[in-house]
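Per-chain residue numbering starts at 1, and chain names A, B, C, D, E and F are given in the order in which the chains are listed.
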Amino acid sequence: MKFIVAIIKPFKLDPVREALTALGIEGLTVSEVRGYGRQKGHTEIYRGAEYQVSFLPKVKIEIAVKSDLAEQTVEAIKTAAYSGQIGDGKIFVFDLAHVLRIRTSETDAAAL
Amino acid sequence: MKSIKHMVPAVLTGAGVFAGSLLASVAAFAQDADPAVLDSGDNAWLLVSTTIVLMMTIPGIALFYGGMVRKKNVLSVLMQSFAICCLISILWFVVGYSLAFKGEGAFIGDLSGAFFKGLTVDSLLGDSGPTISEATFVIFQMTFAIITPALIMGAVAERMKFSAVLIFTALWSLLVYVPIAHMVWGSGGIFLEMGALDFAGGTVVHINSGVAALVACLVLGKRTGYRTENMAPHNLVLTVIGASLLWIGWFGFNGGSALGASGGAAMALITTQIAASAAALAWMFAEWMVHKKPSVLGVASGAVAGLVAITPAAGFVTAGGAFWIGLAGGVICFFASTAVKRKLGYDDSLDVFGVHGVGGIVGAILTGVFATSVITGADAPVGLLEGNGGQMMVQIYAIVATIIYCAIVSYIILKVLDLIMGIRVDVDSEREGLDIRLHGESVL
Amino acid sequence: MKSIKHMVPAVLTGAGVFAGSLLASVAAFAQDADPAVLDSGDNAWLLVSTTIVLMMTIPGIALFYGGMVRKKNVLSVLMQSFAICCLISILWFVVGYSLAFKGEGAFIGDLSGAFFKGLTVDSLLGDSGPTISEATFVIFQMTFAIITPALIMGAVAERMKFSAVLIFTALWSLLVYVPIAHMVWGSGGIFLEMGALDFAGGTVVHINSGVAALVACLVLGKRTGYRTENMAPHNLVLTVIGASLLWIGWFGFNGGSALGASGGAAMALITTQIAASAAALAWMFAEWMVHKKPSVLGVASGAVAGLVAITPAAGFVTAGGAFWIGLAGGVICFFASTAVKRKLGYDDSLDVFGVHGVGGIVGAILTGVFATSVITGADAPVGLLEGNGGQMMVQIYAIVATIIYCAIVSYIILKVLDLIMGIRVDVDSEREGLDIRLHGESVL
Amino acid sequence: MKSIKHMVPAVLTGAGVFAGSLLASVAAFAQDADPAVLDSGDNAWLLVSTTIVLMMTIPGIALFYGGMVRKKNVLSVLMQSFAICCLISILWFVVGYSLAFKGEGAFIGDLSGAFFKGLTVDSLLGDSGPTISEATFVIFQMTFAIITPALIMGAVAERMKFSAVLIFTALWSLLVYVPIAHMVWGSGGIFLEMGALDFAGGTVVHINSGVAALVACLVLGKRTGYRTENMAPHNLVLTVIGASLLWIGWFGFNGGSALGASGGAAMALITTQIAASAAALAWMFAEWMVHKKPSVLGVASGAVAGLVAITPAAGFVTAGGAFWIGLAGGVICFFASTAVKRKLGYDDSLDVFGVHGVGGIVGAILTGVFATSVITGADAPVGLLEGNGGQMMVQIYAIVATIIYCAIVSYIILKVLDLIMGIRVDVDSEREGLDIRLHGESVL
Amino acid sequence: MKFIVAIIKPFKLDPVREALTALGIEGLTVSEVRGYGRQKGHTEIYRGAEYQVSFLPKVKIEIAVKSDLAEQTVEAIKTAAYSGQIGDGKIFVFDLAHVLRIRTSETDAAAL
Amino acid sequence: MKFIVAIIKPFKLDPVREALTALGIEGLTVSEVRGYGRQKGHTEIYRGAEYQVSFLPKVKIEIAVKSDLAEQTVEAIKTAAYSGQIGDGKIFVFDLAHVLRIRTSETDAAAL
């Protein structure tokens, strides 16, 4: 199994989720993160004190999938999250050793 | 009382002073006047003014300041405003009111009215004509005594011990606020005798708190991480609520200082509104030019700067005068709180000196410029623009004397406290936040 | 009316009662008095008092309570205050006002003024002298009827069905609030006749809501996870705003109960301020000693406790008396809401009983101790300290009778509702939060 | 002035108009009347009304709107309310007041009172009897001029340029608000002459802002992502605080429009309270039925709808009439802001048209139905229910004329500005949020 | 070493932490996430505008453990987080290459 | 490639980011987490009800790097995040199978 982590722009979350559902992926986990990269941040000024805000709001999506689905999943995310502008984000793929569904104790592929 | 026309001496002294002298039974107008009688309309307006001036501190200042600090310290800031409100109320009852408004001293009152001795439901302010209840005056003035030390706390936010805040507040109120209030408003007070104009407390409240704030932040030292860590305001929504309530409450602060629901009170509302608006726009546009963007913190800060600047003048100038005072207050406080402060390098966390100190000084001086007989009804010229240059000198004298007195005594109090108990929290507490460390609470 | 000197009978009955008897045309002072005429100053003060007492519920109580619950329930708490405000307003119009203030019954009024029948813009309160408009009295009292059930909701927060809240509120207002209000303030009411002192509603509002709150939280049962899960307040900033607005509004609550912009009203503001401050400091220092840290929740809770305690006494005691009442209220409510509550184990979510019930009882008893002819202008001794021990007995009688009546009727209403419709949400809703489950909304 | 009985002509014109004509020295009652004299109680109530109407904008509207937008735009919304408050204050001083209330034109006043020329502390409103200070009237009306453009901003929230907001506001105030205010309230104004009833500004403030809002959101276009992205309100706690302060402040809005602390003012508070409550419950139950859950946004929106609807009627109807007006306002605005809006597909971000436009129209029509001589003291029948069908026609005429004038001029201003400078931010700014992009600030 | 990531219901955090402490596990890291899966979300309606909220609040727990403790750890989490209702969550197990404790520079097993 | 996860004290974020930039690392992702470990939490008391807050605020930094940079990266983080007091945190290193940059479709080392 593979574990896919994608860092995307926040407003791309809904399109990505829809693309994944279309692929038959039924579960994923999302968190709010801040990203630092090529995309420039912005400056905030409060009474003359400048703060360089270099971290930008991003969304992290985590999806565990069967290995044979991994490539398609990455492809689907890439397409849905693409805007062509700097800061679109990255997709990371990991090997996943083991999965368990708490409710049923099913494991591995059956648990996804 | 209500009619500004009867207030000729007040022209020279400010309405607060006028009240002081009345209280002290200076029978100036009593000769062929009717005996004093309660005017329910005037009293109603002063009761309301009291209520909304109290609202300036809780929750006004609390929120204005609370929104500007980091999230880990927001409760500590609210705590300071709230506890100061309680502490000063009790002190005012015990000796504060008496020392400020009883007796005839040049520098301070006496203890004849300690514990509100002699105050009854029938006591009236002054000897003749329609007037308000003395009890009303007592609590109206109490709200001024409350807000002044609460303002100072903005300068020491995020690093002062709460125990030190309480003790400093009590000492400062008795050793600085009360004497200055007496000198400006109390019967026999030197600034009063001198004829300094301070309608609603520019000197007593704003210059006083601003100067003490500057001293306090210098004695305390900068916040850990100042200029290296991000200290951006955590929630300006709170700050805007606070600024709005300050503005609203200032109608009681300035309007109530007319001591009646008169046309003069209405005019004070107008000058207050115009000055606040002009200053807010001035700050906003200055910021827009200098920093490229107009900010809500800027417009709110500007409004407060304008409110501060108009305070000593509110009942002495026209709407036009108020406009210029606001404009000057907004622009000057903008530079004082940004470029100048950066250059000087002190860490006045929330710019109490830059807004209240500087704005108070600008306002006190410009009062001497724009005060006019058109509004005060005086027979002689009043301000510089009417040709009375002497008023400016008196104003400056009162300002300088206040600054010197306040700075020295504030410094001594802080230094002594620091020696005895330490006034600053340790670095770990600063890092983790005062909310958890000092108060065992946090905002989720 | 304005002058407390004319209020001799009020000394025995409280200003509210006085109003009640005036309304009922008891022509006590009408003999050689001038005909009634509207005093615009008094009326202005009462209109303002009405406005700020309304502010105590929306947004005062709403925020005070909202900040103390978990984030998932904050909107449900705001919803309760807001909807109760609307519901009671309509009920007051339909029958509430009439049943509370019309007629001469010992226990309840009559329906002669249902739908504000007979109320015109010219109706005045009382028969003689300067007075306020009856319409003013109607809406001033409406705000008291609104806040009382809104207070109760703190005890049942985070687990009561919204539909049950509405029905309970309507029934409780008609079956408990209205009769008690009539007994204490209405013409012919038994506590009034008996001479119980309740200046601004210590019995009617606070003991009443506190006792109903205790009964309600016992009937409803504890929150799921009480004492095992973290139920820390999610945002005390809201609580501090709420407490501040309660304090501010209380100036209308107590000051307005003087029914005029008199010296007596001003004195009520002073006693209110002193008691709130003393209680806040008392709670804060008690907590500092017991729990090692002073908290902003503590100082705010203490202020409310002091405000509750001074309510029945505000127009009858000196500032000194107010100080002791506040001190006692603060310390006793602190222990009631912490150690005692923990020992007894009931889950009064936001300590309505510990603050309003206990504070109300402390205040009602101490009113019998500290009430003084110095303030009321009575010829005879008033409180225990002046040697009139009988007053204490009357006070205790009224307290005990109110507690018993309120507890029994509240219990019956809740039990019947629980049988018919169920008053508690299911565990899943409690877990996910009432905001989403009951109202389909959430705070991000 | 205070007594509604003396206001016979006002019955046909609304209290505001009455003031207008008084200001213009129409010596209608001056014949055998006493000379004008300041009534301190009336003046006090109007000073307070001014204060709380200002509070409706800052922080009332600011918070009501701020809570409903997405977090990334909350400061931009607060900024709009705050800056508009400042800008209009200055404009009102420069020419606004004079153009609205000086002179005798049918459509607009003149410049005789520009820069408050001629306004002194002794100027009184009207020629005879007890009255208020003209300065009081000036600033009371200023708060109405402030809130009207601030209301419009709800429709264009989250996508309009701040620079365009400022310029639009200035132009709209002078070209739309001021003329309509003059027509309805100013001496010689056509709607006034026609006898249209508008007690506190249903036409001038609410229909006017609602229609301009609709035009503005149509010209501006929908928000990016409208109906596809989640645009749920980020913090309804702010919205509830805002709605509460609007309600509170409306007591000054409607009660102050009686121009005195009279029984009529008290009655206006009662009608305001009943209508707000009825509308809030109506919206809540309608929503409960249609969407299966009662929401706090719903109950708050309903209250505002009821307050809008009662505005033109507040001093002309009984509590019973207010109940029906509130009920109608609540239900109709609910459908207008939900089903109808969805069907029509325009993006009025915060439903300014659905609540203020529709509610204003409902209220103005129903004023013609429920206005009654019982309250106004008129000798002839007033509303439709009393048999005076003609009043309805006059009401509808004024409504339609206002809608047409306001729509056309608003449209032209917006289109011209769009051509010259562009009024909408770019998509990236919309995406990232106006707080950071326009103001360089953010809420953590 | 293994790195265990568990997605659970928020109110199960305390029981899970207690179960882990009982096992002798002395460190873990927690974050608030939102999950999409079989468990239905809810609908929010604001003035007639319906928003389908399909992401539900979940808590993510991350624990690095020695390989031989991994099975027990998964078991303990499963038992403590179990409610039997849809949405109980998942446990993912990864291989962990390397660990370092910043304070002491201890590495791998010694750093846990 | 390696994927490095560091749990550090919040006020160390800026120093760490600067240390990484100095190394030439151009991207990273940050999230707010709460940590449980040897470092003691604190107690909050609300009206006498005590709540033991055992989770402390920490910051999680995630960085994908080429394998040969991994050691230097860990070293840099360690140095910058070090305060010597309990709770300084941990650094975890994972194998990363695959990376993709959404904007350009570059993969693996080129995507970093």
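Annotations
The rule is simple: contacts are C-beta pairs under 8 Å (C-beta built on N, C-alpha and C of every residue); 3 or more make two chains touch, one makes a residue touch a chain.
Treat the numbers as computed from the prediction; the structure is a model and nothing was measured.
When the contact pairs of D-E are matched by residue number against A-D, A-B or B-F, over half are shared only with A-B. For the pair chain D and chain F, the distance between mean C-alpha positions equals 53 Å. If you average the Cα atoms of chain A and of chain F, the two centres end up 18 Å apart.
Residue positions of chain C touching 2 or more other chains: 39-42, 44-45, 48, 52, 230, 232-233, 241, 261, 291, 293, 295, 297, 440-441.
Annotation for chain A: residues 31, 44-46, 94-95 touch two or more other chains. Screening every pair of chains for touch gives A-B, A-D, A-E, A-F, B-C, B-D, B-F, C-D, C-E, C-F, D-E, E-F. Against chain F, the residues of chain A that register as touching in their complex are 2, 6-8, 31-38, 54-55, 58, 60, 74, 77-78, 81-95. The part of chain F that touches chain A in the complex is made up of residues 3, 17, 26-31, 64, 94-103, 105, 111.
Residue ranges of chain D in contact with chain C, taken from their complex: 2-5, 39-42, 44-45, 48, 52, 71, 130, 232-237, 240-241, 243-245, 247-248, 251-252, 255, 260-267, 269-270, 273-274, 276-278, 280-281, 284, 291-297, 299-300, 303, 318-320, 323, 374-375, 377.
Those residues of chain F whose C-beta lies close enough to touch chain B in the complex are 11, 14, 42-46, 53. Residue ranges of chain D in contact with chain A, taken from their complex: 225, 228-230, 431-432, 436, 440-442.
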